């Protein structure tokens, strides 16, 4: 039984880690930290966890993480990079759910995140934790950079087409996220009266997930990729829907077969029958990315529809999947079960 | 491993039974019926179940339920009463999620449900499946009438006060339900444009759950109970919140202790600390009833707040809890796990 | 054309005042203040007002309100009481949308609001602005205390029964509000992920609107009234639904006639046909309180259902109605038009 | 005062026509029809209209529309084409809100709508009622085909770029609609439990609004246009958000100026400041299309964000705008007023 620490546990990803680990056969949360609510039981902040966790939030300044086998960093961007080195030195495996180690190019990271990187020496060894692409490297990693929510849905959606080299020209990812993607935040923009019963784009001129997605797609493609990425805010709690546009002029490509064979052995990618439209609720609470595709009017343009739960496959679930790989557990341990519908 | 049949599986309770049984250690759905979509895979109607169920809907007119150990009737009111006798004759245990066997008084049932009862001879032996009250009788029952969603939340909320005999005068249950309480229905009133971003009462002059609740409360009290019950429709998917009003003039009653001791050994009733306000999302997808109480202004009136997921503890979860008791399984088998928050 | 000032204009009631005044034939906003966004155009904060208002937020510390005929205070509790005296001295009519002048009993106010009252000498002359009860006094008032959102729906719902003296025993008001009732606030509890798809009670042990409602009902009744008031949070933006319980043992009371005759000449109270269930959306954006009643099972208990838009009849609309009365305008000026459905 | 008839008044566009006409200075609904609820008062079906309309639904088979000056057809596709001829013969102006006359090419219409056109002889004289493009023709039209909701938002968004001839290559319209876009329908897919708290694409392989949009864009461009159009369903009531992608390689094009000058005299198109993100709620209930644009990473791709209320500028509001033009009224009559926010 692995002992798990969660640093920064008052956000939605922290709570989701606890929720998912409740039934994990091989791992157990033993410590969780928070600067703001030190001493408060986790189940007081999240009454849904009453009866499932006796943990109290501990002060990150004084907490002892030395007994942990694995630590999840569920901290705001810029925090994990100051902590990870010490944890690795103690032989602790680390999965960082923030953006600190997602982009290998230090200068690129610093430009998009507007701060100096505190641990650039770790960037090279950090493994980008998208198991469908980096499974083998994750297994032997000591530090995993857990992908962003949009990048997971977008990269997995484009993956088979780019690997097959059938795309011509630039890509478009028109992505939509539930409000929990913004985290457990007090910002007025996410008040139910502001975000409810309405829809809008945001970050249309440039969003931090763009360079992360491009890095991933370019590694697959082996050459630069032109991507337009426009995120939107949906009046719902969980879920990401990525509508992906790619030109595939060659009509002889069997796209359904391409997707099905690429993901045949993936426990958490579900390719739907041709002509389907996945809805985000079908993966609510589940670690699945569900994908379908269309070729409207039998034209050049192929449209891929890719959905996930941003807090599960887009964050905490994928982090546990990575832990499972790093620790030699069953990759699906603790992550099984269908979405909550309705 | 018990073989489970589900009659009438295209509604929300049918789908919820499948969802919950996916991980049940001792029971497995082997047959599911539907009049309208015979031949369709369950996972086509509910894509969230893709990979979790290979069942197809079978025609109820020709299906063979004889191999089942347990059958759940998730049919509209008036159907189960025509089927149950034959199932019992085959030695099959039956749990009816409809209202057909909830009310022992045939005339009362016929008045509220507006039809002749087709199996009045079974009414006496049907056990009302609220385990917190009828656990021992459920264990030996062959036919369990699974309680309604409102009646579960309301009865469990009033239970300790009524058992203790501390209430004076009439009771009020001001109850609120998410839209899934109406079932998977095409009625225009439940279209998102009608039920969304709005709130209303319904059935204020008389709702079918009233006699069911009164029957239960009167059995506990041992005398007639005056209850005003007003249901409301909340613009959310799952969840019931019952706000219960009872006069308890005796200030010496330790209400917190009364609730905590009454439910001390109940795996699915959670009494919150004094002064709490449970929210329905804290039990989303979970089989828990979460309860707290208040005595505003230290007056005579005690207010109990009782929440549940109408599809779980209010329907499919409670049905599985009853199955577990009837079959000698662990009462909580397949029903563990926290609510999905956020 | 009256010149209108709005003090504290960045909240929902401030924005709603602007929205409603856009088409007022006799009044025009000429100044609006905010401490936090001084210099910002109103239409930048509320793009829905683009093209409808050229105003910019001015600094309340330096603004000149001397040119106003009427000033609305849409400030947090405790602010208006420091400003009103000076405005009245300049001959300006003041309508305070906060709670500062709603309760005549200074000690009672100070106990519920947890602060010392800064202008107790004005309490006696402040008129409680519920036109259906205080119309004549409002007409000649210089300072009107605009009622709270819950108190408006609750008082108007109980009014005919209490005036008629037909109620026996205590009253219950089980009230439900959309999230905008909490104001334009950054509190995490009102984030869409927290308040969405869920339902809860709050303030069950005591809410500040309780003494305000009791004061109003006792003035009508002429004697003390026992009221239990439990507010709830509904996952919607606008709307209040009050479910009101009162014992009316005398079956000979024609309740429909009582309500219809009491409100026959009220432009903003709509008594529905017997047996109706008003929904909050039917008054979305409108200045109407819509009411119906039930006598379940022909028992002693009468249940009144009362809905309003908390930002209109429960705040800004009622404030304009009061302004119209104070200024001698048509009482309905600027307030006509049906609710926005769907 | 023009006498207005509404044929097919039980849907959302029918109700919205009534809501908007309540305060129209020059037009008044005098007759409204419905096959299903003949004899029912409009205000019974839509209680929000209580006090605003005394009309009852009349039987379309026997109704006399001869006294009308203008008739709105708010009927399902395929109905108006059987009625319009007779109305025109009586000298009545007709605005058809269905799709029957939107596409000039009879064969194209029949292919997409799957039926034989019943009045092909009227197609040539029917004017496509997008005033921003066809204002002068609308003024003299006897029959106006009111544009679809998506086509309005998409065409107005692309219009300035296409008129200026600065676009290279194909276009993409990733469009999102609230549920009311599907009409007042009983389909299970639009039940709050199905469409709520979720997001999905639909009609990705081909949607009927595609040929309508293409027809409009090609008329502007003067040559064929390649468009990929993917609609999505948003868990909200009203609102369309179109995210439009067009390649504009020439960086010297001043796009802000292009949009501002094109719409400078348009009362119902609002071009936001550069860098803005319009939200659908900002036009809730209003007849405005609100537009902004972005050039992410200063690349070739220009992204236009275009929002409208699908029931107002996307249906009933635009229909009234067309009526105003046809009848010589002020184009904005009855259509003024800001969106309902929050």
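Letters A, B, C and D name the chains as they come in the text, with residue numbers starting at 1 for each one.
Going forward, a contact is a pair of C-beta atoms (placed from the backbone, for glycine too) under 8 Å apart; a residue touches a chain by one contact, two chains touch by 3 or more.
Because the structure is a prediction, the values reported are computed rather than measured.
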- Return the chain whose centre of C-alpha atoms lies at maximal distance from the corresponding centre of subunit D. B
- Measure off the straight-line distance from the CA centroid of subunit B to the CA centroid of subunit C, and report it in whole Å. 39
- In angstrom, rounded to a whole number, how far apart do the mean CA points of subunit A and subunit B lie? 36
- Message: With centres defined as the mean C-alpha position, give me the subunit A-subunit C separation in Å.
- Response: 45
- Per-residue multi-chain contacts in subunit A, two or more chains: 12, 178, 180, 184, 193, 196-197, 235-238, 278-279, 281, 284, 342
- Task: Answer with line, ring, star, complete or other to describe the graph linking chains that touch.
- Result: complete
- Message: List the residues on subunit C that touch subunit A in their complex, please.
- Response: 12, 178-180, 184-188, 190-193, 195-197, 235-237
- Query: Residues of subunit B touching subunit A in their complex?
  - Reply: 12, 15, 19, 22-23, 46-52, 180, 184, 196-197, 237-238, 270, 272, 276, 278-279, 281-286, 290, 311, 336-342
- Name, in rising order, each residue of subunit D that touches subunit A in their complex. 170, 172, 174, 176, 178, 193-194, 196-202, 204-206, 210, 226, 228-230, 232, 234-239, 241, 243, 245, 275, 277-281, 284, 294-297, 299-301, 303, 305, 307, 342
